[in-house]
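Okay, so chain A shows up in both of these, paired with chain B first and chain C after.
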Partner chain A sequence: MHNVLGDRRAVIILLGPALAVYTLVMLVPVLWSLGLTFFEGNALFGFDAVGFENFTTLWNDPRILDSLWFTVRYAVVITIGQVLLGYLLALLYVFALRKASSLIRTLVFFPIVLPTVAVGLLFQQLFAIAPQNGLVNELLNLVGIASVDWLGSADTAFWVLAAMDIWRSMGFYAVLLYAGLVEIPDDIIAAARLDGATGWQMVWRIVVPLSMPVLLAALIFSINGTLKVFDSIVALTNGGPGDATTPLTLYMFRTSFSYGEYGYGSTIALLLTVLSLGVTLLIFRSSRRDVSGTDR
Partner chain B sequence: MDAPSLPRARRLIPVAASVSVIALLAACAGGSSTGGDNTFGLLVNDDNQIVQDALTSLSAGACTEANEALPLEIETVPQSGLDQQLQLLGGQDALPAQFAASGSPAVTKDLDEAGHTLDLEATLTELGVIDDIEPAALSTIENLYGGFIVLPYQFNIEGVWYNKQLFADNGIEVPQTWDELTEAAALLQEAGVTPLSASGEQGWPITRLISGYVYRSLGPDALEKVADGGAKLTDPEYVEAAQAVADLGASGYFGQGVGSIDYDTAVSQFLTGSAGMFYMGSWALGAFNDPAQNQIGAENIGFFPLPEVAGGAGSADQVPANVGLPIAVSAEAYTDETGAWLSCIAENYGATSLGDQGTISGFTVGDEAVEVPALTQSVQDTIAATTETTLWFEALFGAKATTTSQQNAAPLVSGSISAEDFMAMVQADLDADK
Partner chain C sequence: MTTRFLRRLPLRVAIAVLLVVEIYPLVWLLLGSFKTQNEFLSEPSWALPSQLNFGNYIEAWTQGNLAIYVRNSLLAVVPSLALIIALGVAAAFALEVLVWKGRQTVLLLFLAGIMVPWQMILLPLFTTYFELGLAGTLWPLIITYTATGLPLTVFMMATYFRSVPHEVFEAATLDGAGMLRAFWSVGFPMVRNAVFTVALVQFFFIWNDLLIALTFTISDDLRTVQAGLLSFTGEFGQTAYGPLFAAICTNVIGTLLLYLFLNQRVMKGLTAGSVKG
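Coming up: the complex of A and B.
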């Protein structure tokens, strides 16, 4: 086995097909899309070179700022929500529920298994005001508060979206972080206990630093996923009301495929790529410092 | 495992690599056309049940022969995804034999310019069935698309449908002016019913009220001027129209949560008697004539054109007319078998649509005696008496301005955006298209 893997030709031939598939389905479209930023047109009429026009349009497009602001706000809120709640759940599994946690883990994990569209429809019904009140408005009415058009105004629609996505994914992050927490050696925890560490002190000074690598991995995972959010928004609000909950991905999709402006759509895609890359590099850099600080 | 087996493993490597490459090429070559060469495909928006039902009924009835040669195959997509589907299939030369034209005529004109739509005037003339098209429908299509490139499976007029019983119970006369319309709405609201049922989720049922007001106040060429650049939606007289519709929303005349009301809910609100008025096209006759859906009774439904605006240049005789979301025929997919289908449709669709669905199409009904429900008959009479027709709000807009307009209709009537901002957003997209 060692001999086969030591043979460069064998490695190339074994890796070749996977690399070819990756190149075909990932690299070629990415580079193609990058090239399209200098063109305008669509599949029907072909493309004309327009130089940097798409970039000046991007710079002057007021909707880009709105979409960018929504995307960043959404990514920050959801990332904090799902990682923080996920972490708290993981702590609960490890320190409170211990071996009895498997049922709770499964139940909290369950929403991530559901199709996004089904979850979107579920939340639409939960927060509905027309044609009849959903559960949330019924509960509000019970305590004497008038029904709220949750998906009809930008602010409330944002928080319904946030609640839905955090509820859907916190179980996943809980399991991810749980895997990190169970790796912390028992003797360190026991030693800390002997030294008198209790409750928050134990979490803050021992558990958090020791689980920092997995916490940062979860952060990178989460922020990149949320910056590229698409399906849950389409399912719940379709970017509305108006375009108040339209992230860059949905704006890019509409620009390319509904308005037939593939070049400008690719330029928006490039902006999103740069944003994701920038945020990932930022987290990586700080993570390297943090993790090495912990190691020392 | 190590040394002895290595040469054989090495010999196997090129074989494995070749298999992989072949598998890869096969995977890349698969799934070419969704058009389907051996079917009479129809790509249609999923809420357009009338055309699907009528064609299915023809395939088992008058067009059995054509269907045996080229079976009908219907594929539905949500209307919101239709434009991108059309552009993608068009770009790959994979459009099915028939496809629903986009909600924005501009996209269909693009497809026509790119040579994807069949010249129906020439084809139906050659097939000898051109006389089966109603002249009024033909001229509406030519006005909209610049040529006869879509089939008039529907021919509609639009206006306000009202619940006669609710009007009588509350002492409401049929409104003759916009002010009377708002007064009627106020009375209905007092009576505890939703005055105007509308789908804010779709948006267009609301923007059509804006164009209705514009036509009544500024005349039937008002939106053509906007398309030509002679006027702007941000001009005060156009903003006034958006404001008038926003005021209806501010008074709560659309009921609560209008942004979440979809088309079917809006129809059912009217047909269950929980709404007094419903602005809609005559394609809704299919639902009105269906006793399972219509709980208030067809005899209890009346129709009036959107009323006049006091001192306005337009008149209530100018009725918005359209050919629904019409169906175009693919030029690439046209064969003799498709021609047989088209002949059969031209000769039989009018009677099937009127007889089975109670809806009016742009095909002639022929000599057959078709029993027509009274409500449908009254719409036919209105169509016959109409001398001047108008278009809808987005008829002359591009895809981007159409989306902006329809997406922001609900925020306009819920007060999230002002009438000025609404018109400015749509105008910005119109300017960007030029």
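Coming up: the complex of A and C.
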């Protein structure tokens, strides 16, 4: 029977085009980019081989340390924020709203479909101070607090950024985690209730352990996405004030396209790739140990 | 009755606050798009506009070049989507339904593409497009979107094909149809719904993309909506609020309408594609 499904000609015709495009536009460039790390120069003026110089530059570049630190801080804060709030919302949907949660779920989900650039510009206006106060400062003034220059200092800019990205994505994570929570069998919850488990105790002892797989998946997706953040930062702060909110992605983009240093740009891109693959593997491996631990 | 109401009160208040926080910024944005410059400068920003003034939209579309940006976005999105679906669904069928040596490896190769940051491919691609003389066209966008959309499409479609019993395809070929016919007349129609969902997901990713658009659109008349909107504030100067709000609204309205009509499908699709992070 397998002979029918083993038609070689069909494999080539169906898979060939996709594999060709994927190889030429993604796989080859990835290898090429690895090669570029040993060169300096750009498309306009040509390239020179420089050996490991880009890597020593990377090691000694204080701006790398700054943007790496920002990237990690951003990824950790946003991941905790969106997964935690998403989980709380999912608990709300499953245990408090139950069947009535569909409308709320749909409404809270929707910011994730909006273009990030539009959301970034919207938040710029919401948190504006000059030439006109935005909505947030107006509300502060209303209760007698002076206007704050939200995007003008590194700390507040970071928190506006965090607020915006958590606003965008918590509904998305809520739906993702909700799908895991509704799969917990009702009789387990009922049995725990009979045993006297209530409220947070129930959540902490019963619900959280049972939804661990989907929670870990959410964590991996989230950290993987936030380490690569680009759109929201370019639209909201453009890396500023100064370089205070510049992640690796934006530093790589500027190095490459504003300063025309393709070799160094590729080296930063490699650092980013290693970072995101490393973190994913790390969470994945620790989660496997976790899961097998609870199995026993 | 009243005790039950009081007991549920904190919950109701929490939900009301949640909805206001999620919805009001957009209402604020929409109302702002109808206001005149004077209203922006002299009244609090929560005030309602005095009239439905579409002048801001006209200004954004003509003087703000928004019409060109929207055209470019459509010209880039539509062909990319068609290519992603055509190539990706066929590839997923070949990888999941057909049986041959090495298919597991090729599938993994595609999956690796989901994890790799796009920063790893931008520079070689930029150089290549430049050498090929494509830099002044929309082709770099179409080619790049097609390739970057493939991994997730193959991954999602392979999952859907996995849920179709393979006997169906074997039976189809017993009737004398070749494997290609079986794909076209049995396989594709069976996952038509899934294809639509995947197309919807890819539409959101491509329409909302900034990184690729910013890298490959080197002149103003090539910019997509996202790349164009970034420089929008610059063209008018910081203070032309009305046209800016109207432009943001225009950008938001397309995805918002899609979501309004297809929200359950969008939610399912986007969460299924969440591996992309």
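Convention: the second predicted complex is superposed on the first by the 277 of 296 C-alpha atoms of A that agree within 3 Å, B and C clash if a C-alpha of one lies under 4 Å from a C-alpha of the other, contacts with A are read in each partner's own complex, and residues count from 1 in each chain.
Following the convention adopted for this analysis, contacts are C-beta pairs under 8 Å (C-beta built on N, C-alpha and C of every residue); 3 or more make two chains touch, one makes a residue touch a chain.
Fair warning: this is a prediction, and the values are worked out from it, not measured in the lab.
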Which of chain B and chain C A:258 touches, first, second, both or neither: first
Touching partner for A:49 - first (chain B), second (chain C), both, neither: neither
Contacts of A:131 with chain B and chain C, given as first, second, both or neither: both
Which partner, chain B or chain C, touches more chain A residues: C
Touched partner set for A:151, first chain B, second chain C, both or neither: first
Touched partner set for A:280, first chain B, second chain C, both or neither: second
Contacts of A:191 with chain B and chain C, given as first, second, both or neither: neither
Touched partner set for A:182, first chain B, second chain C, both or neither: neither
Touching partner for A:243 - first (chain B), second (chain C), both, neither: first
Intersection of the chain A residues that touch chain B with those that touch chain C: 1-2, 4, 7, 9-10, 13-14, 17, 21, 24, 43-44, 131, 257
Chain B to chain A touching residues, read off their complex: 1-3, 6, 9-10, 13-14, 16-17, 20-21, 23-24, 28, 80, 83-84, 87-88, 90-92, 107, 110-111, 113-114, 116, 255-261, 265, 268-269, 398-400, 403-404, 407-408, 410-411, 414, 416-417
Residues of chain C touching chain A in the complex: 11, 14-15, 18-19, 21-23, 25-26, 28-29, 32, 40-41, 44-46, 83, 87-88, 90-91, 93-95, 97-100, 106, 109-110, 113, 115-128, 130-131, 143-144, 146-148, 150-151, 154, 166, 169-170, 173-174, 178-180, 183, 204, 207-211, 214-215, 225-226, 229-230, 232-233, 238-239, 241, 244-245, 248, 251-252, 255-256, 258-259, 263-264, 266-267, 270-271, 274-277
Touching residues (chain side chain A, partner chain B) in the complex: 1-4, 7, 9-10, 13-14, 16-17, 20-21, 24, 42-45, 124, 128-131, 147, 149, 151-154, 238-244, 254, 257-260
Parts of chain A lying in touch with chain C, wherever the complex brings them together: 1-2, 4-11, 13-15, 17-19, 21-22, 24-30, 32-33, 36, 43-44, 89, 92, 96-97, 104-118, 121-123, 125-126, 131-135, 138, 167, 171-172, 175-176, 179, 217-218, 220-228, 230-231, 234-235, 249, 252-253, 256-257, 262, 265-266, 268-270, 272-273, 276-277, 280
